[in-house]
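Below, subunit A partners subunit B and then partners subunit C, in two separate complexes.
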Partner chain A sequence: MADLLSATLPVVSDPVTVGGVTLELVPPTSIVSLGAFAGAGRDELVGRVRAEFGVDLPDVSRAVRSSYGNVAFLWNGPTQWLVVGEDSGELFSRLQKCCGDVCALTSQGDSRTILRLSGMGAREVATRLLPIDLHGQVFSTDCVASTLAGHIPVIVWQTAQTPAYDFLVFRSFASSLFHDLSVALNGHTFSETDHYA
Partner chain B sequence: MRLTCPFCGSRGLEEFTYRGDATVRRPSADASQEAWVDYVYLRDNPCGPHRELWYHGAGCRSWLVVTRDTRTHQILDVRNARDVMLAERMSPEGKGEGS
Partner chain C sequence: MSAAFGQTFRVKSGNGVDVSRTLHFSFDGKDYTGHPGDTLASALLANGVRLFGRSFKYHRPRGLLSAGPEEPNALVELRDGARREPNTRATVAELFDGLIATSQNRWPNLSFDALGMNGMFSSILGAGFYYKTFMWPASFWERVYEPIIRKAAGLGRAADEGDPDLYEKATAFCDVLVVGSGSSGLAAALAAGRAGARVILCEQDSLVGGRLRDEHMALDGKLAWQWAEQARRELEAMPDVSVMTRTCVFGTYDGGTYGAVERVADHVAVPRVGQPRQCLWRIVARECVMAAGAIERPVVFPHNDRPGVMLAGAVRTYINRFGVAPGRRAVVYTCNDDGLRTALDLYRVGVTVAAIVDSRPGGASIAAEVAAKCGARFFPSGAIVDCYGRTGVKAVLVRDAAGKAKSVSCDLVAMSGGWSPNVALTTHKGARPTWHDDLCAFLPFTLPPGMAAAGAAAGVFDTAEGLHDGAMAGQWAAVRCGFEATLPALPEAEPTSYAIHPLFHALKGLAASKKAKAFVDFQNDVTAKDVGLAAREGFVSVEHLKRYTTLGMATDQGKTSNVNALALLAEITERSIPQTGTTLIRPPTQPVAIGALAGAHRGRHFKPTRLPPTHQWAEQQGAVFTANGLWLRAQWFPRAGEKDWLETVSREVRTVREAVGFCDVTTLGKIDIQGPDAAEFLNRVYVNAWLKLAVGRVRYGLMLREDGFAYDDGTTACLGENHYVMTTTTANAGGVMAHLEFCHQWLWPELDVQFISVTDEWAQLAVAGPKSRDVLAKIVDAPFDLSNEAFPYMAAAELTVCGGVKARLFRLSFSGEMAYELAVPARYGDALARRLMEVGAPFGIAPYGTEALGVLRIEKGHPAGPELNGQTTAHDLGMGRLLSTKKDFIGSRMARRPALTDPQRPTLIGIRPVNPMDALVAGSHFLPQGAAPTAETDQGWLSSVAWSPSVGSWIGLGFLTDGPARHGEIISVHNPLAGAVIAARVVDPVFVDPKGERLHG
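Entry: the complex of A and B
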């Protein structure tokens, strides 16, 4: 029998707090991508999700949250969405029943990791890495953007007014992004908090 | 240089990849060898507005048709390539396969 790989966290650093802004690894989350099939797939998918989760899939770069379970739908490109929910197999099987025949469903839970930056001043820290405008007038709660944090591709989701930002990042880049964000958190200096693996 | 993606808004050049001339069209399978050589190898090098394909790889991963002035880098228009293709198929001149 094959040896199973032991489960290790993508980031081993403890949460870092500097000046009221906290950077932390979000506990494992279920992430599933939806890609509507060509033709009538998109409209059919929107209808199915509305029936099962009570929300309309966004057609602009935003997230909508379903009150039927702790689930959010993030726009991730034309006819593509990411579903983010609690860590269990339940979300995937629920989606499979709901819309598995009208879209490509792919589990991204092992692909994406979420880092959270929160607290007063989080915007200033995020702005040091992100090339997009995060001003509250143009980027507010539940706004989503696919962009680059330095050289690392990320999906940024503002999850709270405070503000708080969730960075959905490829697992293999999570440690580097944690490092880059902790440097941004400390101004431009290296410090003791810089003990990423 | 910045491009205004129809889906993501104004973004820096580092998020995009240049693909090439957006005006070439695939000839029909029985077209002459000259037409195929032209399609595969020959490109105009215009001085002024030109339509180009760009890929928003670090954003929404859409293909875009960008009209750029090659003298000034002024961006005159950005459209979703899929919409451009569908509009072309609907138009009276719309022809060619796989374009």
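Entry: the complex of A and C
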């Protein structure tokens, strides 16, 4: 039995574009959660991550991108971060080498699916589901929020100024969220009062 | 009336109507024309239609009272088919081409209504009539009285089909929310917007301007509505300002949150594909300027509900905004200078002003001057004491200062009892407004945090003052949000006077029979006599008056009636209005469609669906699915030739017992727990001991709630030093995670431990049956040793399968057979199911669903959801001995309460009917054989049942008083719903392999 199992995507729908806004499934990425242990381990962790990735772990709800390598660290509550990188499978071992002894590392790449909403007007579509203020003065590139999209728990990460929003959602909810976002997408081109929300 | 000559009451082009285009519509099957910008009300009025509907209780003919959302009379059924909307106010329904409207509450037609005779019996249909009359016998209320009353006193009919339209919900944030776009609202929005604040201006109407459109008025020498349009354009050009028309702010909620409903496509026949009909907005504002204006009060006089009796301000709206004269010959009845404007406007468009009846003494106002200018007879200190014309006003009886009555013929009565500020949004959080004698009005007193009232809503009725008041409020709102704001330059307005003198009714000295036809609440047909009767019967509290007479309880919520009713009650009970008090106004200020509240979450999308990783594969297998909380799980996998579900499920059970089956158990909660104190943490949340669990081993654990009752159970595996993975039941997965977080964050923050959910990370498949090891041997990668010695019952390991896919293997069994749970990253779950089918085929593998899973666990006596129902203890579940006495854990003290340790408590047992074919029903009660079925003889209940193919009998699990001591006894299983009693034997709850030999196989 040498043939590997093939991967199945959590959402079967093709990308949808309405009025310049696109909803799509982001190809699977490596995501690892990083939970800091208490006490001196915390400082040790911050130092090791700085040395390996060239960034300071954020202590507000933001994402920071590494200076070396295509890796982002998302604040995910006190003492917890999500590390998002390319799907090479090397991220986990790199982290384990870097800081595996001073924090909890848990693979989350299959747990969290990423749906991306992008294009002019993406903010207006997002306001149909998200109860948070997405105005540029308040929420801009690399801002992160743990919130609800309608009834579904999500982590929202603004990944581009355009804007683009990445919705990190539990895999089992991904189809439902894709549906809810596409309904919002179909409705948004009609509202005449949306330019500010 | 032919359409070409139809709009005979259109006297000029109104500022809100585009007469260059014509729209066609129908009312009660008759065709009419109107123009874009018309409401259904203004278009019908232009066509000379005065009769709009029948009243709720007495079926009296009714016309328009108002020109806005406060309309109590002109309610129609709008549209037809699935889009039919009952009780639509004709005054807010925007005209569109092809609009169809029907009058309601009449039979057989509007001008002749058979139930109109209710009016003749009005002397007995007074306040509390139904309560008093239809009391006996009580059983008749639901079956006989209520259906009859509902038929007689109905409003419109809802659509029979599901709503075909889409609705959505959205959230908006701003610094300053401005409610209302009249002079004050526009000035407030300009002041805040120019300062750079994020502003949302909500206007419930389709056009901005409020009364600037309704009045014949100039600002800076230009028509007032043109200034409003100019202000709108300026606001719309600001990047962080939004003007939302057709958006009614209907409620004030906590934390500066406001509810608003945007009528996105109510003004078109059918929304475009994908377009929502309405959008429910949650607006979060740091500051709010409430400039919602005021509503004019009618005057209570006999037959004041005749079609043609209108509010004076509404008459001006029809003339100035819509270019429609609501009559040819008018009488103006007022107690203030504002009402006199109506006479001037009517005169200007060529309507004869037959008389001005002013309740104030002659010298007190400019009334005489206005009357002279309009050529109207002038009645200072006058009153209208009756009104004639069944389906439309023909004349009024005017009593002059000397008490002499004169009949004046007319087809329109324009009345003004003064203006009531629209204070609703200031009161939704519990504050009541206060009465001001000088303005004869309730004004906002305690405002919700962050709210200011401005303009007419705050009792500032003069336009120049209103502009200034609004600008100040907008400026201060912006300043409080941290902006530097200045007062904008404001247009010059002509000064106006109000000079109100209290006038609520004209009933002094009139006979009681007249009071019975003097309406206070038009929509619910409450008369002055009803208010008097309620007071005489002791309902002198305003809250009791409301409920006894139903005053203010109609869809208009008493917008035009509450103050008059209070004034009447105050007079009758010889109290002042402040002493009488006012009822609380609750949201919404205007009716909100249920569809808007539901938004996009309707049908099967009313909640999200969670799909397990093998879902696509299971669909292809033709699985039947069941909802398990949010999860959709395969219930069973039917095969060709199987005649029913029971045959399928029994075959799946036999496959597991005799060969090998597999089932997706991903839905069980999985929590990754790591940290130096992880074991100690587990030791405190579970009832049993955890400190000595070795790496590579799994243990069953039971959690209690703090009150000592069983909460959840599952297994936890030790994957490494300080690294555990906990499983929970599917139902409690989220709750247990929250419970752990609570324990860590609040009870033991000193414990160094981290958790994260891995439920969705791993596709977990149970592989169960005597051939399970043979199947797994085909996919685990060398050199992993599956032998009983290397990987015994309750072992756990991390390994790779299928040539390098990382995996976790647990030797666990819910079925009682030799079994494993194999976890792979979720993306491979689907492929793993296919691979198991392939490699398992020689061993007779088959997938099984949740139903077989249930049968297997009942056969094995494992408690699940029906047993862990929140009312059972560890002792009840037969797990009393699991409770450690050597440590403290959540619930340990409370579990020792005498009531929870009473040996007489119903305890887990197995049940087998004496006749194996007797079907058991979960929920049945246990009784001693022969005992009468009473609460006293009740000894427990049946929690789970199944047809057991392994036993060849129906079997069940349940809780029986002193159960373990009664194995072998025959008891009655009583199902009172079906009236069935089954004789059954109490047995050990483990029906299959009681010694557990197969587990270790």
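FYI, the second predicted complex is superposed on the first by the 181 of 197 C-alpha atoms of A that agree within 3 Å, B and C clash if a C-alpha of one lies under 4 Å from a C-alpha of the other, contacts with A are read in each partner's own complex, and residues count from 1 in each chain.
The criterion applied here is as follows: contacts are C-beta pairs under 8 Å (C-beta built on N, C-alpha and C of every residue); 3 or more make two chains touch, one makes a residue touch a chain.
Quick caveat: nothing in here was measured; it's all calculated off a predicted structure.
Residue contacts after overlaying the shared chain place A:132 against subunit B and subunit C alike.
In the superposition on chain A, contact is made by A:148 with subunit B only, not with subunit C.
By the touch criterion defined above, A:61 lies against subunit B but remains apart from subunit C after alignment on the C-alpha atoms of chain A. When the two complexes are overlaid, the chain among subunit B and subunit C that reaches more residues of subunit A is C.
Shared-chain residue A:116: touches no atom of subunit B or subunit C. Comparing the two interfaces of subunit A, the one with subunit B and the one with subunit C have residues 131-132 in common. On subunit C, the positions that touch subunit A within their shared complex are 166, 168-174, 198, 200, 239-245, 247, 262, 264-265, 271-272, 274-276, 279, 282, 284, 600-601, 605, 607-613, 616, 631, 666, 672, 674-676, 723, 752, 754-762, 778-779, 781, 802-805, 824-832, 835, 839. Note for the complex: subunit B touches subunit A at residues 7-9, 11-12, 14-15, 58-62, 80, 82.
Residues of subunit A touching subunit C in their complex: 1-10, 12, 18, 28, 33, 35-39, 79-80, 103-104, 106-112, 127-128, 130-133, 135, 137-138, 150-152, 170-173, 175-177, 179-180, 183-184, 186-187, 189-191, 193, 195-197. Interface of subunit A with subunit B (complex): residues 60-61, 76-78, 131-132, 145-148, 153.
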